[in-house]
Amino acid sequence: MESNEKKPRYGMVIDLDRCNGCGNCTLACAVENNVPPAHENANERTGITWMRVQKVDNNRPYPENRSVYFPLTCQQCDHHTPCESVCPQKAVEYDTETGIVAQIPVRCLGCRYCMTACPYHARYFNWWDPEWPKGMETALNPDVSTRMRGVVEKCNFCHGRLQAARAKAAVEGRRAIADAEYIPACAESCPTKAIYFGNLADAGSEVSRLAKEKNSFRLLEQLGTEPKVYFRSEQSWVHEQMNAKLKTAEKEKIHG
Amino acid sequence: MKFQFLWFLAGLCVMLFIGWIVFPYALYERREQPLQFSHKVHTETAGMSCDNCHAFKEDGRFTGIPALSKCMECHTDVIGTSPHERTLVDEYVKQNREIPWLVYARQPQNAYFSHASHVKLAGLNCDRCHGPHGTSDSLRTYARNRISGYSRDIWGNSISGIKTASWDGMKMDDCADCHNQHNVPNTCLKCHK
Amino acid sequence: MFPWVYGFAWTPGNIIFLGIFFSVVAIIGATVLISLFRTYRALQVNKTEAIRWDSEFHDLPATSRKCRHELSGEFKQRTCDNGFDCRTCATHAKLIQNKTLNSDDIELPIQLFGFTIPTDRLYHRGHTWVKSDASGIYTVGLDDFASRMVGTPDGIELPAIGSRVQVNGSAWRFKKGESVMRILSPLDGEVVAASDGSDGWYLKIKPLTKEVDTRHLLRDREVAAWFLREFEQLQEKLADPKVGLTLADGGTPVQDFVKAYPGVNWDGILGDVFLEA
Amino acid sequence: MNITRREILRFVGGSALGILLTPVPWKALDDSAIWTQNWPWIPEPVRGESSYKLTSCTLCSASCGLRARCIGNQPVSLSGISAHPLNSGALCSFGIIAHHLRYHPARLSRPCRISGKAGASGSTAMAFDELLLEVAAAINDASASSQTVAIVDGRPGRTASHLFQQFAAGLPNGKYITAGESSLEILGSMFEKPPGPLAYDLDNSKMILSFGVPLLDRWGTPARTARYLQKKSEGKQRIIQVETLQSRTAGMADRWIPIRPGTEAAFALGIAHVILKDKLFRDASKDIAEFETMIAAYPPSAVAEICGVSQDFIRDTAREFSANRPSVAVIDGSANSRHALAAVMALNILVGNVGRKGGVVVHREIPSPVALSKNKMSPISTLDAIPDHSIRAMLIDESLSGSSLPDGLLQKKLTGNGILVSLSPFVTERPFCTQYVIPSPVFLESLAELTGQADRESSSLSLSAPLVPEPAGMVDPIQFIQRLGSAAGVMNIDSGTTEELLKKRMTAIYSEKRGSIFNASNGQTSELKGLTSPDELWNVLFAGGCWMDSPETVRSLPAVRLTSVSTADRIKNIPPESNQLLLLPCAEDVIYRNSEISPLMSKVGQESGLRPSGCKVYLQTATGDALGLTDGCRVMLQTKKGSMQAEVRLDPSMMPDVAAAYSALNQQNIISLCEMNQDASLQPTPVKIQKV
Amino acid sequence: MDKKFISRGVSRTSIGNFGLWISPWALMLVVGLYAVMLCLFKGLNQTNMDNRFAFGLWIYLDLTVIALGAGAFFTGFLLYILKRKELKAVINSAVVIGFICYSGAVGVLMVDVGQPLRAWFTFWHPNVHSMLTEVTFCITCYLMVLAIEYVPVILKNRKIKHVSSMLVFEHELHKLIVVFAAVGTFLSFFHQGSLGGLYGVLIGRPFAFRPALGIWPTTFFLFIISAAAVGPSFILLTTALVSKITGKKLVKPEVYQLLGKISGSILIVYVLLKAIDTLIWINSTSPSLGFSAASFYKFSGFGTWIMFAEIVLCGLVPALMLLNQNIRQQFRWLITAALLACTGIVINRFVMTIQTLALPTLPFDAYMSYVPSWQEVATFLAVLAYGMLVYSFSFRYLTLFPQERELQSL
């Protein structure tokens, strides 16, 4: 039954006009994926935040200044996945089953080539051994393995949740899972419902509808990496700033 | 044969002995299970079925080794004559302490395995991977690899890594072989978390 | 990496890349193994002396490797590539074809700057002479130049009676100051007697074959030319760069150069004289 | 036999070949590879059965319903209950990681005394009984010397609160003080007699005029943003944000009116001026004419000057505010002076928003068995009403976080030898007095009761059931007051365990038969009347449910005194001297509630810069350039009250000549540099910035 | 004292003086090794690298020393394959320098990766499409080759060669050295290229990205050519430096000039190709990825001057100088030109590694800066000290310059 259906391409549409920068996505992600609290010396550039929210403004002075918050995560490039081809030992893999770009920390030797390859800064290196305050390690999520110092990690659309959803379907004898059964922690935790998640290959899904809207764009679209994370905003300055191409025809070509 | 080769041969033989006999023995640390459990008694005498204890939960998870509460459904008090049952009741049930079973098939934390998809979808039998464990009368000694820390069952019983049965060995290669045979994708995230 | 390692696939990329890799490793490994094997074989058949000379010879400064025919003026410039073993040299063979040993040429000992060079014997480039007697035993000694170099040696190490020596192989050793010099053997053969040189000779050698090929040894007028050059070189080396050549003509060479000229890099000079790099 | 080197070499050679023909090298390589992939000192998640448990969040009075995913008994992640009427599935960023509070490094395990007067504070662990004796002695001392003993409650309306009131009533000079939403307290005090518990009914409002209230990011229920976005798209709600900084709320509001710091009162009075002048008001108060003359000095032209905005903004806002009824004006109580609060609340009175759905509503009291018991309860008073330096012993319940009181105010009210007894899960130091801290359980460890809702039409009550066992030696608020009462000889406190008292309250609510009940296990909301017994009510609430009171029917409000609004001169803009900027202390939760957040919060502070962390000062790019400051450089902030170092962030959204400063966790607080008003609210303070 | 180990006929400074010379380097090495230990046991948090600047000083160092160490392969290629016998005068020194550069680079790389114990996974599970795999394989093999090439030089030590087996092995190995020269050339060709490809394939870094010729980006070829161009220059420079420090003539002036000439002829080809590549990048590659090339040069640290310095001042100028016989014959100008050529490559590698990472790509990214920590610098200096020590010992006890004995007696 699976073979008749198109393989899913999981993706996100993030509505920048709905994001109030609360940081829930970052936190829920950390909880879900066993990311430890910041090391005392960690900073914005050495920390591990698979999902990171960045404030972006229109560069105009007060009071014309306007800003939006960009929840940034692995953009799950579908094509020429920059990080995948550079890994010397196949610790990065593009999962043809789901379109998810996987990072396998146990295979990783920590050369960080993938990090220099990623234009979205979506990859994080474990500069320190993970440490949790005493006792807090008992509250780790058993569906995701912990990592150690010296390896790279990144968002995988909460793959543990996909595995759990598949297992649940398997118990019921189903091979395929319904869209609603699988949602990453960031999307689930967003109090303003700014993150839409779903199957881009399914033309009827809300994400593929939103992704094709004229207000949607992707970051660095010109590089041709075909990210599966879309952003949308009704504020024209956002589009101008992102230099986004808004050719609907092109979009349809990709997912049509 | 020239006498000078004897030294060479001696070195060869000593190392072969060490490598094939001493090393495999020294590599593993043997541990006894906290209790002896007879699958045979439970299935034959008590008439239970496998899924009485090893069941699937609605959320797709497999219960694996049942918690003490499962044992307590029957063994709140001693009902048989086995000394192990007495230990169970005295040391675990009465003190409400979980039994620290040593799990033969325990994989590293980064490995993901869904019993549901293998049993419910692929239709594998338990003994395909676990062998005749379900009909055993006693629990084997658990052997822990001193270097990697894992159960010997993962590597397989043969030190040379040669499989003698489908359940002998639960390494990545063993999983991959079966996946290849059945045309199941071998992407990393299929089996890793 | 290997087909049996998890994740391997027979893709063109893997085949080409790993194919090249394994070829390179195989070439490196095979070359090292071949060298090792050849080393083993060379040691077994005792080619060490020949190899040592070959190796030493090529490490000598070019000035120490002048061909005898350059010295005699037949060539303007010719550096020997043959390890001074003229027996195998085609050029040498051609050049001496028309020149047989003529007894008329034998003169009295040549006197040169106070050195005596008897002409009744053959000279090796390593400053040994060879003289045969009626019984076919060859006597080997140091020439005057070398004797004065060595002077009174601080030690001497002679080969055992019955041992074999070979052309350009080590014959015996001197210790002089901080240097240990080996003297090259001018002939192949078995040592039948050895002396500390007090009688003017060091070894008596019985050749292994009846016919003894001595083409590689200097003779006749060549000797004088060679000697002259060696002497000039020594003069250059001993010269005070400020004063220029001082050993000019006249005078008699001292009996022990090393003692007479302290503070000179004798190690290097001895190496040049006795052809040791 | 003679063993030579040659023989040994042969033996070694044979051994080398031999070892290659055994599994040793390959197996050792394989096993060590596995070892490098699983370092034994890296924690491994505990395996166990997975289940979901439902409960309610106790971190603030928003009482969000949440679902805890548990492995065994251990909660490993939290998410909102989507059908929950209060939070609609949303949690705030504190709530989403609240299950880590238990493991906070600052967690208190034993009662202790912290004496911090001399600057070098020391902490001594002590037995609970010993602590009670010392505190009881101080209380008796206070009674003997007619000094005040005050008990401060950040979450009034709980059963524990009622016991606190009984405790205060049992002492000759006992005072029960609440620290609720201070803008509403001010509004209450503007009535001739208290109209009852007041609350903003934000959900039903057509227009919200917010004076710096972080409505859309951290104030009240986290569901507000989604609700507002929904209503905004339907044209049902507008938000006008009056604020100096471009906060998240300002960014998302329909309109952001940036004003100079500290000029909120002037802006409000300017609007009042327009409302009166243009006859836009609804409720004519007796003293309205008097009020009009009072604020005659605040025509839009003058106010525009003071606040640095265009006059049109003031006029338009006034018109919109009165035209789009029900509207409501809200102001952040913790960051503004009481004068500003009163000025803004006057707008609600003028337009007739008070006592009206969608404006400021009056809540009904939640039935309480304690309130009905024979033991007397002390009336509610506020800290303002207590004379300075009169409190000998102050008891603070910080077991559930609530709006915290400014330390400056507490310090002012305590006598020289005053002590502070706090019930808290964390070590919180207050260096100005001797402090006794009693450890209390944290969220998910104890049975707690949640009442209130200062931002909803009606009040509600939920329970937070313990999911994990509390560590030994923890004291909950009810035990605390009962034991302290008996130690100090205050006998008129109701007895019974927390569970017994709460069950009694269920009976009381059940017997009132009013309101509706949300059942989290099936997501249904139904009338309370439909329940069969108080036990059923208990069970529903125990499993993440929620009881919501029915709204108060409109009744006549007591008379109001608009003239209590002050027009004191301090609400004028203070122009800083040359080379000085105006220091704007920024009250981020991260800073105030350091101990009440999961260590994981460092992800959004320290590691992503989403919330300011460390000592940072934000300056307009042009202002920074003029001062020769670059992004990231370190500066010294100097005011009349002191100095501290900070890192500069150049931010184009900042108002020119303003320095918005955040202080670091566990370090000198930026507030120590600010000048304070009489009511302990902060004044914008001139600051000198120099590069270090 | 150690005269028995010093080659016959050459003079070396006293052992005391030698001790004085090496002790600062030894100290530097010890400090560096301490820093290395810190990095290995405490992790890479000891460095100032971060998620945005994931490559730092070390990778830059690796790329640079490997380019400069290219003299080893290229001299070997010219000597053994193209039979330029004159180069025998510097081949031993070139091999030692090559060995130092490569072993130093590999050593630093082992500190640079987060999980050095897993480094062999690259061999076990290679992703053959990654430039880094190519680099890893080739560098490892080539280091092996260099080590093998170093062996005969060591075995020729005056003391060691007295052991017959050593002497014979040296002799036999040396007979086959042409094989290693060929293999080394082959390997160097690929890894110099893939080091260039390392950045050229980064589509996410439009500053570095270059279109592919075949399966490799143009930087692949540019790196090979540039390495071949500066290799001889670097040999020239090091020989001149050793000569200056020791006060000895080591090689004949013709050898210097030959090295300069070889360097110049390849450099001119490189400069031309680099100029063409840059023009294509400015006019086509960069704009097609949505970035005007000018946008990369608007940051104060990295103006267009750096491009000028790299291509013209330290590329074209030294190339022309080295090609002019009159200039070449003046030792001072020869050295200047070689120095400029090496500087050009040092700048090129800096631009490729550091500037690429410093420039923003995302529309809201900021320009980034990075200053290495003392641990990084100390590790870097340890490599320098290690090189100095290995070279000093090699120079003292081995015959690095066969012409020295002859030139000394002239």
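Think of it as A, B, C, D and E in the order they're written, each chain with its own count starting at 1.
Keep in mind that, in the parts below, contacts are C-beta pairs under 8 Å (C-beta built on N, C-alpha and C of every residue); 3 or more make two chains touch, one makes a residue touch a chain.
Predicted, not measured: the structure shown is a model, and the values here were computed from it.
Looking at subunit B and subunit E, the chains in contact with each of them are A, C, D. Comparing the centres of all chains, each the average of its CA atoms, the largest separation from subunit A belongs to C.
Ranking all chains by how far their C-alpha centres lie from the centre of subunit E, first place goes to D.
Summed over C-beta pairs in contact, the chain pair with the top total is A-D.
Ranked by how close its mean Cα position lies to the mean of all protein Cα atoms, the top chain is A. Subunit E has its Cα centroid 40 Å from the Cα centroid of subunit A. One finds 98 Å separating the Cα centroids of subunit C and subunit D. If you average the Cα atoms of subunit A and of subunit D, the two centres end up 32 Å apart. Chain geometry summary: the mean Cα position of subunit B and that of subunit C are 75 Å apart.
Contact with two or more other chains is made by residues 43, 46-47, 54, 90, 106-107, 129, 143-146 of subunit A.
Residues of subunit D in contact with at least two other chains: 32, 37-38, 44-45, 50. Multi-chain contact residues of subunit E (touching two or more other chains) are listed as 115, 118, 121, 124-126, 129, 133. Contact between chains, using the touch rule, shows up for A-B, A-D, A-E, B-C, B-D, C-E, D-E. Of all the residues in subunit E, the ones that touch subunit C in their complex are 3, 7-11, 123-126, 128-129, 133-134, 137, 141, 144-145, 148, 156, 161, 164-165, 167-173, 175-176, 179-180, 183, 186-187, 399, 402, 405-406, 409.
Those residues of subunit C whose C-beta lies close enough to touch subunit E in the complex are 1, 5-7, 11, 13-14, 16-18, 21, 24-25, 27-28, 31-32, 34-36, 38-39, 42-43, 47-48, 51-52, 54-55, 59, 61-63, 178, 236-237, 265, 267-268, 271-272, 276-277.
Interface of subunit E with subunit D (complex): residues 115, 117-118, 121. The touching residues of subunit D, counted against subunit E in their complex, run 32-33, 36-37.
Looking at the complex, you find that subunit E touches subunit A at residues 43-45, 49-55, 112-116, 118-119, 121-122, 124-127, 129-133, 136, 198, 201-206, 288-290, 356-357, 361-365.
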